[in-house]
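I have a structure here, written as structure tokens, and I will follow up with some questions on it.
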Amino acid sequence: MGRHLQRDVEMPGTDRLFVVENLCVSLRASGRMMVNNIGFSVDAGEIFGLAGESGSGKTLLMRTAIGLHNDAYVSSGRIRFRQLEITAHDHGKRMKDLLGHEIGFVPQDPFSSLNPTVRIGKQIQEALQLGKGLQPGSAAARKTTLELLREVGIPEADAAAEQFPDQFSGGMRQRIVIAIALSQEPSILVADEPTTALDAHTQRKIIDLIIERSRNRNLAVILISHNLELLRQNVDRIAVMYGGQLLNIIASESVGKNLGHPYTESLFNCIPKRDMQLGDIRSIPGEPVNAGFGIKGCAFSKRCRFREDLCDVSNIPTNKAANHQFDACLVKTKAWEEPAP
Amino acid sequence: MGGTCAIAPLLQIKDLSKSFEKRYLVQTTSFSLEDIDLELFDGEVVGILGESGSGKSTLANIITRLTPFNAGQVLFRGKDITSFSPDESFKFRSEVQVVFQDPFGSLNPRFKIRTSVKEGLKLHQPHLSSGEMDGQVDDLLRKVGLDAENSDKYPHEISGGQQQRVAIARAIAVEPRLLICDEPLSSLDVSIQAQIIELFVSLLKDLNLAMLFISHDINVVGLLCDRIYVMHDGRIVESGETAAIMNSPTSDYTAKLLDSAF
Amino acid sequence: MRSLANGWIEKCAIVVAAAVIVMAIIGPHVAPHDPLAVDFRNRLVEPSWTYLLGTDGSGRDVLSRILHGAQLTILSTATVIATVLIIGCALGIFSAFVGGTVDNFLMRIADIWLGFPPLILALGFAASLGSSLEAAIWALIFSWWPTYARLSRMITVDILSRKFVASARALGVSTWRQVTHYVVPNAFDVIIIQITLDISAVMLAISGLSFIGVGAQIPEPEWGAMIAEGRSFTASGWWIVTFPGLMIFITALSFNVIGDMLRRELDPTLTARH
């Protein structure tokens, strides 16, 4: 922990690409604050995981942060993209410029994210025109389209470009969606549960593709998933959200070793894994808390084994400096602050 | 458990086939189950592993007599389920129960929890008085880890995990010998999935129950089941003891599934 | 269902609809005059304190006729709706449960039926039955049932495909109980919306048929027939057509508004159940 803290202090934001500081997201209709004081940063070329159960606010946070959400807005805090400061005030306008150029997005459902009446080659060329100004139909646009299709592993790219989306399986469609996202040569790719709608053996291929593209293009990735085990195996660092709060940012190799926030560890123990015995599964009692209920204290305290009285009343620490590692556990924080006897 | 020839299997499927077509305007999708052979003994937990479209849910519907089939035999306690007399048919309903994937969809939205759970008791234990039934409902809800105070709520007033517990309570209310679980975890949150797995484990310990556990998740199936059948494109591509399949699969498809699971 | 009536239009509609129903119940008892009594000395009297809404060409009190007419109109509408509801839903649910050829056959008949405009169909039927209010009612029942057969069949097929029906079948719940406890309660929302929207349509159809002359006959105080009769006096007695017309207008409008409101509130595609 200390080492990373130090690094942040010494080298403020040298290779930081996407920094979120004290970000709050509220609903437009009711003004209800859904996600509170989130802080994290993603380095250039880093693969970053965002984990949480449904209702934790992970998707809402990311979709709103990159300006994709119509029903929610950034109510306070700021985002730094490279040198560009984006405040709550000009967030909508600035993100419109970044999204689709610097920031690529891969949605969950590949079945509804492609236009069913347009050949996929043309869809990619349209994206190229928006991103790079290549004239659709021009030789350059065609060449780039085929290169992109080959890059995401579509067999027989020439023929595929002339086909319609419904002639492809879910996995192939997700590859096409990724190709469209890559066509803008973004520096960061946000993938929102990109494999949930796919079959098991397709899931791994798509994740592998995203990671391989990231390594080859020095592309930063924010991978949103409910599956902590999937993230642990594939990403560098994982942020864990619960009930609209950011509880933990942890290096993925530390997950499952009792180093993280109690929620991270409990969530990890819930997931059936290959070499497990039945007794190894340890569920978390109670029901998940949904974001947006203005929880006092730690949202996880009701279900936490280590709960102390302060968990219900104190505000949890927030990752103000967007440090690389972060633990919001109040019990642990207290232990650090109290001098050792 | 009891794999010897001397004991007759509780459920036996021989050369089962079914095919059907769905037509939408111009597109026709056909689907078939072919040459399914499956055995399940009393008290055993058997997994059916397959991806969407493999036919595993159709198989569940055939075993529960919700869907007809074309060829082959499905025997329950050695008797063909298509040749049941009305009495046997009714008894079969109490012996084989099913839990579905979508817990909200599997509860009648106009029934209170109590009514849903009571439905089976009313049918299969009509001699009970209303008070006795209420007592049993409370017991059942407790058994699946729900407070009795939930019994006067409607399905939309409780969470997905609680709905699934109610669906399980309703299924075990009639004291079935075979519980078919069709992707019972897929629409639940990770932490709730673990709760339901624990619930299944405790039910298997307490009740004399065989279970057919249908899932796409190789890790869950590996954890819960004694034996596994792997289905792909309407066929069983591999079957055997869990440990054998998990450690040294013989079919390429199973190997691929094992490779790609996280 | 929490905030059923939030707008003032909806509130007005509920008040008007309730008033019309109250009028239909107590109207005949509070009517100041005999609605059928001809009095040629007082024909075409303008609205006054004696005749609040004036008198018609034969000296009959318009207010009393409207009050009696309310009962006639509401009762005929209710008869039509109730009958097509029972016949249509029975056929639709039966069709969905049986499925296969029977289902196809019944639904194709309903489709062909729906191909004709209901009012034209009813007009032909009423004319052939002989012109009377009863004939108009029969004619409307005859032409309206397919709407409910189609609708209830569609809802039933949808409900039958849901897993709670599958679990009920797996428990051995009888078909009759599946209909009464699983299908009907869950179809209720959609059916009730259709009914509210149809009330105004049927009411207009009955008045329309009477106006054309194949429904209620002069001097019956049915609103449509009153307009038909008052047509020739529009220049000399504007009140004779205006007040029954106004009644038809506001009654139909308010039931329509209520139907729309119910649809907005209960439409499963608009309200998340979770």
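Per-chain numbering from 1; labels A, B and C assigned in written order.
Everything below uses one rule, namely that a contact is a pair of C-beta atoms (placed from the backbone, for glycine too) under 8 Å apart; a residue touches a chain by one contact, two chains touch by 3 or more.
Everything numeric in this text was worked out from a predicted model, so none of it was measured.
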Compute the centre of every chain as the mean of its C-alpha atoms, then state which one is farthest from the centre of chain C.
A
What pair of chains is linked by the largest number of C-beta pairs in contact?
A-B
Centre of all protein Cα atoms: which chain's centre is nearest to it?
B
Cα centroid separation, chain B vs chain C, in Å, comes to 48
For chain A versus chain B, what separation do you get between their C-alpha means, in angstrom?
35
I'd like to verify one number: the distance from the centre of chain A to the centre of chain C, where each centre is the average of its C-alpha atoms, in whole angstrom.
55
Which residues of chain A touch chain B in the complex?
53-55, 199-205, 226-230, 233, 266-267, 269-274, 276-278, 281-285, 287-288
Using the touch definition up top, name the residues of chain B that touch chain C in the complex.
61, 64-66, 89-90, 93-94, 96-98, 100-102, 104-111, 119-120, 123-124, 156, 167, 170-171, 174
Sort out for me which residues of chain B touch chain A in the complex.
51-52, 159, 161-162, 189-195, 197-198, 201, 216-220, 222-224, 246, 256-257, 259-262
Contact residues on chain C for chain B in the complex?
162-164, 166-173, 181-182, 185-186, 273-274
